[in-house]
Amino acid sequence: MERQEFRLGGTGGQGLILAGVILAEAAIAQGLNAVQTQSYGPEARGGASKAEVIIADTEIDYPKVTDPDVILVMSQEAANRYLKGVKAGALVIVDSSLVKQVPPVAGRVVLLELTRLAREGLGREVVANIVALGALAALTGTVSADRLLEATLALVPKGTEELNRRAVHVGLQAGSREGGRV
Amino acid sequence: MTVRLMQGNEACAEGAIAAGMRFFAGYPITPSTEIAEALAERLPQVGGKFIQMEDEIASMAAIIGASLAGVKSMTATSGPGFSLKQENLGFASFCEVPCVVVNVQRAGPSTGLPTSPAQGDVMQARWGTHGDHPIIALCPWSVREAFDLTVESFNLSEALRIPVILLTDEVVGHMRERVELPPAGELTLIDRKRPDGPRESYVPFRAGSDGVPLMADFGAGYRYHVTGLTHDEHGFPVSAGPVAGALLERLHAKLERRRDDLDRVATLEMEDAEFAVFAYGGAARSAAAAVRLARAEGLRAGLFRPQVIWPFPDRSVSRLAGKVRGVLTVEMNLGQLHAEVQRVVCGRVPVVHFGRVDGELPSPRDILAALKEVARSG
Amino acid sequence: MAGSVELDPGRCKRCDICVEFCPKGVFVRDGAEVRVARPDDCSGCLICELLCPDHALRVTKGGEGR
Amino acid sequence: MGDFRRLYRHHKLPTIWCPGCGHGIVLGAVLRAVDEAGLDQDKTCVVSGIGCASRAPGYIDFDTLHTTHGRALAFATGLKLAKPELKVIVVTGDGDCAAIGGNHLIHAARRNIELTTVVFNNNVYGMTSGQYSPMTPAGKLASTAPYGNLERSFDLCELVRAAGGTYVARSTAYHARLLKDLIVRGLTHKGFAFIEALTQCPTYYGRRNRLGAAPDMLAWFKENSVTIQAADKLPPEQLAGKMTLGELHSSEAPEYTEEYAKLTARIRGDV
Amino acid sequence: MGDFRRLYRHHKLPTIWCPGCGHGIVLGAVLRAVDEAGLDQDKTCVVSGIGCASRAPGYIDFDTLHTTHGRALAFATGLKLAKPELKVIVVTGDGDCAAIGGNHLIHAARRNIELTTVVFNNNVYGMTSGQYSPMTPAGKLASTAPYGNLERSFDLCELVRAAGGTYVARSTAYHARLLKDLIVRGLTHKGFAFIEALTQCPTYYGRRNRLGAAPDMLAWFKENSVTIQAADKLPPEQLAGKMTLGELHSSEAPEYTEEYAKLTARIRGDV
Amino acid sequence: MTVRLMQGNEACAEGAIAAGMRFFAGYPITPSTEIAEALAERLPQVGGKFIQMEDEIASMAAIIGASLAGVKSMTATSGPGFSLKQENLGFASFCEVPCVVVNVQRAGPSTGLPTSPAQGDVMQARWGTHGDHPIIALCPWSVREAFDLTVESFNLSEALRIPVILLTDEVVGHMRERVELPPAGELTLIDRKRPDGPRESYVPFRAGSDGVPLMADFGAGYRYHVTGLTHDEHGFPVSAGPVAGALLERLHAKLERRRDDLDRVATLEMEDAEFAVFAYGGAARSAAAAVRLARAEGLRAGLFRPQVIWPFPDRSVSRLAGKVRGVLTVEMNLGQLHAEVQRVVCGRVPVVHFGRVDGELPSPRDILAALKEVARSG
Amino acid sequence: MAGSVELDPGRCKRCDICVEFCPKGVFVRDGAEVRVARPDDCSGCLICELLCPDHALRVTKGGEGR
Amino acid sequence: MERQEFRLGGTGGQGLILAGVILAEAAIAQGLNAVQTQSYGPEARGGASKAEVIIADTEIDYPKVTDPDVILVMSQEAANRYLKGVKAGALVIVDSSLVKQVPPVAGRVVLLELTRLAREGLGREVVANIVALGALAALTGTVSADRLLEATLALVPKGTEELNRRAVHVGLQAGSREGGRV
């Protein structure tokens, strides 16, 4: 497998860093190599939040994403910032319950109401990040549904396993509906 | 051992526990805090002690106190806290109290960019405290190496009775990577040498043939004196004069005689390299990628990556100067080790600096461009 | 003594403090938003303005504003 | 007394603070107090250290100084002594002023130098994501106290009084009006004035200790405190575990910069 | 209880202290107390900072640690927590513990960690030749207060109590026997024990303020102090300006290293 | 002005007052205390402020606060205190707050030999705080020069909005010498440039053509923000990126563009010298005597004495390397500026170090012997 | 209950504390020296030993020593 | 005038540093160049104390004394330490009320009971340093009696001028009796 670059952007509190960690764990469980990094806005508190994951079956030197293959944006600000210059052929997943204006992009754009799905389908907005992961797995096939589920359950807070299991499934379904590979 | 995704800071905490560290005192600061947080949880589980002190000065003091009690000790911080630890770090160096100080570098000066990487504390790690003191500093470039070099920091610290600085950076500290940690039994661990003879024959600061005195635990019945004043072999204050001079010289000789062992450089594609990229820590990740890009374009480049930066690997760098046609130094600072490379290379081949101080990791492409520039003129 | 309250949505961080502490129930939580639902009930007591952490509320005492 | 709103740097809002963070409430009280006390905006300086609380000066329209962690009072001492005609306000956090900055706090109190100090006490290090502070009660959870805090907390007001502070008061974010009144009195006090403002950090302290959202934490302040006036009338059993709010101490003593002015006058023969 | 004299490092005497310096009297009281309390010499460590007072550990036969200025309590905290079976005594000066080291003092008190702290308070920085300290009374002369000290001094005992110290006592070099008794009690106290020992620096504080030679300064202590027991019986006018000596405060509270031991036992399932 | 016997520390205090310094905050420490003591007496006489703070950290903080109020400010300390000042010194450098920090060096590390001279804090003066910060450091060699360079420290500090370190040592600080001070009117004094336009057009960290922004006094109605976070031209925090990088680059460019002016070297007998003794501060006194002894023996030696050591006088040293046959560096340390000389000389002529770290001033005879050795091999 | 007192001149720094505070006047100042002048008057009260800053005095209680 | 080196040794509290300063001031008043330095024992407090003065009519580079022309010792310890290796022709002034054993020296030794003179002749031991200066001036002639007296009066604490004036004279006389040049 070639080096694949993922960028997950949104705001602090949405759990995107956790999502990145789960994605990387799932990849490792699948026998791949993975590096996860993150960055914050000017402040530690609030503001923009970004997680990046690189997955490959070789050594990963440079740990940052330069030319993402997959981009998830979960805020308008993230959409404005990260969709510029996206390469043709990239997959762009947009949480359309939060992003109202999608800038023009070269890649394949998939609009999903992730936050609404979480709030209305699962009763808790906070699992939108996990819904997003499910969709991303379905759409890319980089990690399998099983590994993703295992990694999720291992990393979410105790007592929230059932909620998150459902969130993964909601995401997988949403992704599949959009032509996911799983 | 199992393969897992681990953060650099966590690997450092685990490395410390694997090395036998059982006392940690710290004060939170981004981007080092995860080390303290991991150890707050882990240390009580293994019978060790974790304490959050009122500031970094107190943290540094506390680990020295704990080390004198015979317990391997550590603290972790970042730029502003590292500046505050300097006075007591000098005490540890001068009184030969083993301990490990982790500095996860962030962009400075001052409060700077707390969540962004830099390598601006490299010279400070060598010269941050007053007076001519000896020090050792190590720079890991990966999560696995954060674990390994933490263990090695303790080994060097105990063997040489010297504080060791593990100088990581926000890239290595916050990055999560796939790692496979060595089983506990496979690690070589070094403990300080302790006296076992009678109290009467114990001379606390008289060195053996390796230049390192035996170190008694406080409470072990040796009843000796430790002072930051210039002292004689018995540990008591002396005036200016030959005894004072001899102490300083012995402290530096401890490292000097180990110079070869401490000259630790990892390389990548250096066998036939015509141009070397000199880089360490997080920046070396970009440099490695740049070397691969260069090779792909037919440029014979290699990565020269010191793992121990202090004492500076004069010998290896000097040999390097005899082998390549040019050196590109890549750092997230304005050329701190670059000046050292220049000093050692001494004009034999061109040494060019590529620095970045805007809080971002240099990109492989930018490094490649700089490397081509060196190749063109070199 | 009635009052009138304005909410600046660009500053509001939806913390629900005004919703919980307004003695007159002037504010409501509406999905992701906090809104002034019952403006006419405002007594001008200023509690919401004092407790809003984000300087998003402005209360005008009866007469003063309108 | 104009509109206190003019005192914000509006173009810097919204703040970086989390939704429901009590720091914004305390800052509002500070600005209302500055306005009510009728301070000259151009002659008022606000100094802070490092932390979420210490970001406050960035949002308000004075000469503002965001220094190093714990050192606000020391910077402020230099500023005030160099130019005593300035009104100097220090805003700080519980970590900033009681942990790393504890020494400067007690020495500023001892000198009785006229600095109005408002500590935004949320019982935690917010900025660095929730470690315990010297104000975290014993037993509470924090990221560096995963098994519960083993340390005891300070009674900061008591400490400042014992150190020599001549005006000491306490309120909470819930009691925002009282807080404002106390700050007004602090601003007009000749000498070191210290106001402890209890405030909520829902993101770390609240979440980890399951104290609910911001409104719940504010309600907790309401239920677990009494004013000093009320406390005098209550039987001890009803006071147990409650914080006392109000002006806890006020006395007169020579103010440092005034003493310095007298010295200069004496030496230079001006008097 | 043996002969306390065995506890000196005789080959290091005489001390560097000036003739008549009270530090030697206080040190004698410390050693008598250690002897009387029956401490194990091999398990007793003495930690100090920097200053004339802080030179004391060099003269006494324990594991001794002469650290950096102001930091004795922080070093001692690490030593004690790492090896709680050690008895750790801290000897320090008024500058060392109340000026630069004030923060470590209040935090050690707050944690209630079992360290017996004896401060040799001579109201001056002796080692650096007579600058004022936070314990120099207002108005007194010092090399950096050539016109009289403008600052107020701490009531250190009151400060430590307010910070959470559970044993607080005061005596003077003149009251050497009382001092010894108070240190004995401090040594057997579970928790942070603080003993302020007023002592004379004839060379700087005494000379500059024309307080006479060492015997005069000792006599001054005698005349200007009352024990807390006597104070209770005296009318206020006879107490004015006098220092109160004796055990000023003693209470029980969880000791930090014991709490830590309990935590470890709990986590490791030993209990 | 009258001729008198004056101590180096006193000359420093008088120099500061002559330069217009009106705020001093300090904490006593040997061998710098006489500066504080002199100013405790003198400042109230001239309407200035003296305060003894609770420690060195607070002293450094206080002078920054005072300088922001528009008052020229200073602190003085020695090794241990200098270590403690580092964090706030970085703040002053990063926020461009003019101030002068005197370090009267004593022998270290740690408490060391408090009453003995050394030059062990030379590298610390450059690198003691975290992050890549710019700094200036001056070294006087005599009582008169302690006066002059104190004045110059203020001038540079005000002109460039940068903290300046006056790095003296116990020899210069405690020595009493015959001096003739210049009349007050003859001194050239520089004050920071202040804005005088309307508040709206004041951009507090936007630099003019000299790279130095105008500085408003707190309380003058400009109402601006100062932060140790990486900031934009308006003084407000920014993230990693070009603005962050630009700030750091401008801060260094301030000095870079003045590099020639800052290259200040005094010489003795250098016109026809074949061998140079490189020395500064107290050690240069011995070096000068050694040069005279050498000349008396017919050896063509000269003294090369930098007065500004940071930024390092690269240009002069480089020219020197082209002129002489060998350089002997004389320092009371283990070769701190020696390494800089090596770097710049770059192998063109031999550079040999003569160091002394036992708390004694090197003797002219020992230096002469070392010089002859250089001459023999050079 | 008599006592006996020894003064170690190698340690004594001649501070006069014992001279001033011995209730029995056992010590005298003699030029540059401090001496035990009236050894037999010693009551063994220990005051001098407790107050000597330089560990130069040793008092033995009556009977114990001699 | 050639470079002349003076070393004054004793213990802390004897005022030897003040004596050195007075000597240097007197030299300067006489139009000469002078440098004064001092050194302490291992400690700032107590113990040995040493003041050095160099007087010359040229520049003085090296500020320390290497080969003293005049040595004053006012304690046994100072005598033991500083009289070793004294050059032939040096003048050695010994306070014989404090120094009981004078080691063999090459120089010219003058024994004077300085401290006794101060105590008995002037009633105050503390002015032994000034008595010593008077003797030294008389014996060396480096500084004149007038300049010495002026410098002394300018530097001693206010209120002690008369005592010190007498001390200078006592010293001058004692020195002259031993063959001083003044």
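By letter and in written order, the chains are A, B, C, D, E, F, G and H; residue numbering begins at 1 in each of them.
Everything that follows uses one rule, which is that a contact is a pair of C-beta atoms (placed from the backbone, for glycine too) under 8 Å apart; a residue touches a chain by one contact, two chains touch by 3 or more.
Note that the structure is predicted; figures quoted are calculated from it, not measured.
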Can you give the shortest number of steps from chain B to chain G, where adjacent chains in the path must touch?
2
With contacts counted as defined, which of the two, E-G or D-F, has more C-beta pairs across the interface?
D-F
Rounded to the nearest whole Å, what is the centre-to-centre distance of chain B and chain H, using the mean of the C-alpha atoms as each centre?
54
Averaging C-alpha coordinates per chain, one finds the centres of chain B and chain D separated by a number of Å equal to 39
Would you mind listing the residues of chain F that make contact with two or more other chains?
30, 44, 54-55, 57, 80, 87, 91, 110-111, 113-114, 116, 227-229, 237, 239-240
Would you mind listing the residues of chain H that make contact with two or more other chains?
39, 41-44
Residue numbers in chain E touching 2 or more other chains?
17-18, 50, 66, 68, 99-100, 102-103, 107, 127-129, 134, 147, 260, 263, 267
Under the definition above, what is the set of chain A residues touching chain B in their complex?
21, 24-25, 28, 33-40, 42, 44, 60-64, 66
Interfacial residue positions of chain D with respect to chain B in the complex
50, 66, 68-70, 99-100, 102, 125, 127-129, 131-132, 134, 143-147
Quick one: in the complex, what on chain F touches chain D?
22-23, 25, 44-45, 47, 49, 51, 53-55, 57-59, 61-71, 73, 87-88, 91, 217-229, 236-237
Report the residues of chain E in contact with chain D in the complex, numbered from low to high.
99-103, 106-107, 110-112, 134, 138, 147, 150-155, 158-159, 161-164, 253-254, 256, 259-260, 263, 266-267
What does chain E use to touch chain G in their complex?
5, 8, 13-15, 17-25, 28-29, 173-174, 176-177, 180, 202, 213-215, 218-219
